[in-house]
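Right, I'll just put the structure down here and ask away after.
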């Protein structure tokens, strides 16, 4: 049995502070904002089945018990106590938390306390820029404050993250935009936006990414369901600068993400929520990314958001999948046991500790 | 053992009425119109091996017997009796039959009688439009007759299907075309075509799709070997209108089809002939689509055309693959047995019964 | 146990003649020219682990022994003796060798002698054209000499190969370029180049491909990590001309390569170095290409370059993966044992013997 005693969750979010009814809980299992199709439920998904497998025992119930029974027990314990039991049962020792999503979510200190673990902050570049815009009067002050805010955040955060890098924009123009181009885009955006307005202009997003690259902190890029090969130009442009890129959530293009991690020394990959989404298939998906990804370039994360159940499921599925995949190779004679144990420790925690310079 | 006592084949065609020689039979196993490469045979494919595995026993022969022996036995029984034995041995209880392919193929009533099963019709939009064009004198009468024909077909058919949605055209322009645009395209097509001429104009195809959407009947879209993500715009444009879209044959992009089914409540997926084409690998391919597809959004079909052997192989491979995949998860403790049995029934028949409002 | 007593490696390169230190050896295990990421090593990859599994026993060491120990033993034996032991232990009976890569690599006769095997030459079109350019004074003489050189090479080589077909150029213009277009491109290239300059102009590459097609010798096209579906236009344009196309290295798009091999009679596929790159996962990757590829259209190759260890690993991984995949299907009852043995022989050697007209 290949074990992973220490787990660094290199990308997740906080958990909701409020009690949840069955419907609200179910909504967090779907991959879309709306309701499920008539006659169906989000519990009838790999994620739903995985939650029912792993979480009830942590609250004293049988695995696979009906959702209503699980939710009743959760309410009985209260959101705080249920969250504590779940996070402590996840096996995660360190949470790296993207604090840039809206909603009443716990921050790193609360997660650390609830989970009896360490927690560090990942700063979302888009939110940082929007906050700076809310308090900057002119284009010049916005751009100066932005540079200062990124610099300041780099002092305490462990990484930056961006969702704006997704898509074809960065593929077409991977290089940093020129100063005039940035000023023009900033002026147009600031003039048009209202307080709280989102930043989506491709020139400004590229500017943000390049300020972050200059900070030297690892930069996590959300790949979503796009092909990470669209990041090839940006990977080439940032090669040799000393800043690491971490591709988040490459499924179903995770083999492409692994390919990029194998040809660019500064590119890393995780499977993010892919393991949570694919549940009983997680070992197969993990095995696919282990085809090309060098073992020092792959990082565990749960990608969990809102429900501590998702941190549990992310961690448990990962540990079981890794043990099964690597254990199978040891059983076949393809890998030596000591190598498998060493690689398991790298993917579970060691690579993240090195890349994010954790304690 | 996870069983599926009832099977709804949600997409197939009729079978040939004529006796077949070895060469003609073999030609139906290939994926291309021409002959196999010199020195090779279409029997040396997963489909060929699957036919030799599953069909000989239904005609009283050993599994894997040589093709010539199988064909001799088939001729000995006669095409009618062989077809009866094969279809009745498939385990399919209801056939939904696309009647829009050319050739001397049996229709739904004959399939029902031969297979001791139910059969319902799926109307192919392109053929319907071509038939309307053959009997309409003007652009105005063509467009009016077309709307009436679709409306009329919706009263008896269980679904519409279209092959014209394949490709990049719909990706570029998912919205319904304007009336003037439609009239212009219809005028050009009618003026240029001869009786029997095919409809491929992208504006007319989009018009057809949108008339079908308005009918409320489920609309089956052939994905072919294209990336179903090209359907994203059309899925978004038809969201919330109350008409379901069913993506046919997503392999090798079946994970993408499953993704769409997981983010759009009205989008469903099948594996169509992928299981028949991949034979001994069907369980692996089925498992991949079961990663993201909600279990209420996946539908069985054989995609069979011409040979009743392909209905048999589609059904047998599916049942064995599903039992193996879900049974494996139950064996691992990842799924509860009752959940697995329930999900098997949904994919085999229950989801189709709900989507197509069968008895 | 499904065995493959004869192996034709349908695409590989020669091996280095010089003694290698640990760092130089490691560099040949990476997929990129530069060093590995800080804190990582190319030994921590599937390829690295596969080399440590299969090669030490051939030099009298334990499987999975540390890299430094393996390299010490290799130096102790000397590069010649180590190479002889490795190549003879690979099980490869015939090497088809692309002689078009730079570096101090052994040619076909040396490989044959070292490996106690047959070896034949594959001619790289780009190198041939560059050599012709080095000795041609005018555009006219260049084009005439080029045609003659391809014709001459076809008399002794078993195949042509091209890396220039990769990418979107061929997708956009699959047809042969016109004579004026070729002359113009040749004039521009010859005027700009210095001795030794590479040929990358898309018109000239297409011209090269079409001269090669006219020779009738099989043409191997490097797919790299591009989607082989980009070759569809070229496959269609060359269909029926009597020249076979062999797609090299389709991973991670190997299912698409298999699709092309299933719809075009003259298109063949291999997995090239994919099995070497994916190591412990090779059986899974091989099984994926065996979904759609007709069994008469798939060819073994190692894709090895520089290290005889890569020939060993390519051959051993392939044999084990094939035995595991086909043996599993026999065990399940999906395939007959005699069919599995026949198909194993086809993929290992028979298909290559037929396509390349080997003795």
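First chain written, first letter: the chains are A, B and C, and each begins at residue 1.
Following the convention adopted for this analysis, contacts are C-beta pairs under 8 Å (C-beta built on N, C-alpha and C of every residue); 3 or more make two chains touch, one makes a residue touch a chain.
Protein names from UniProt, one per chain: A, B, C = Amidohydrolase family protein.
Quick caveat: nothing in here was measured; it's all calculated off a predicted structure.
Asks: What graph shape do the protein chains here make by touch: line, ring, star, complete or other?
Replies: Here the contact pattern is complete, since every chain touches every other one.
Asks: Given that chain A and chain C are copies and touch, would you call their interface same or different according to whether over half of its residue numbers are shared?
Replies: Different-residue interface.
Asks: Rounded to the nearest whole Å, what is the centre-to-centre distance of chain A and chain C, using the mean of the C-alpha atoms as each centre?
Replies: Distance between chain centres: 38 Å.
Asks: Among the residues of chain A, which ones contact at least 2 other chains?
Replies: Residue numbers touching two or more other chains: none in chain A.
Asks: Help me check something: in the complex, which residues belonging to chain A touch chain B?
Replies: 30-32, 34-42, 44-46, 49-50, 52-53, 63-64, 225, 251-252, 277-281, 284-285
Asks: Of all residues in chain C, which touch chain B in the complex?
Replies: My answer: residues 229, 255-256, 259, 262-266, 287-288, 290-292, 294-297, 329, 332-336, 339, 343, 346, 354.
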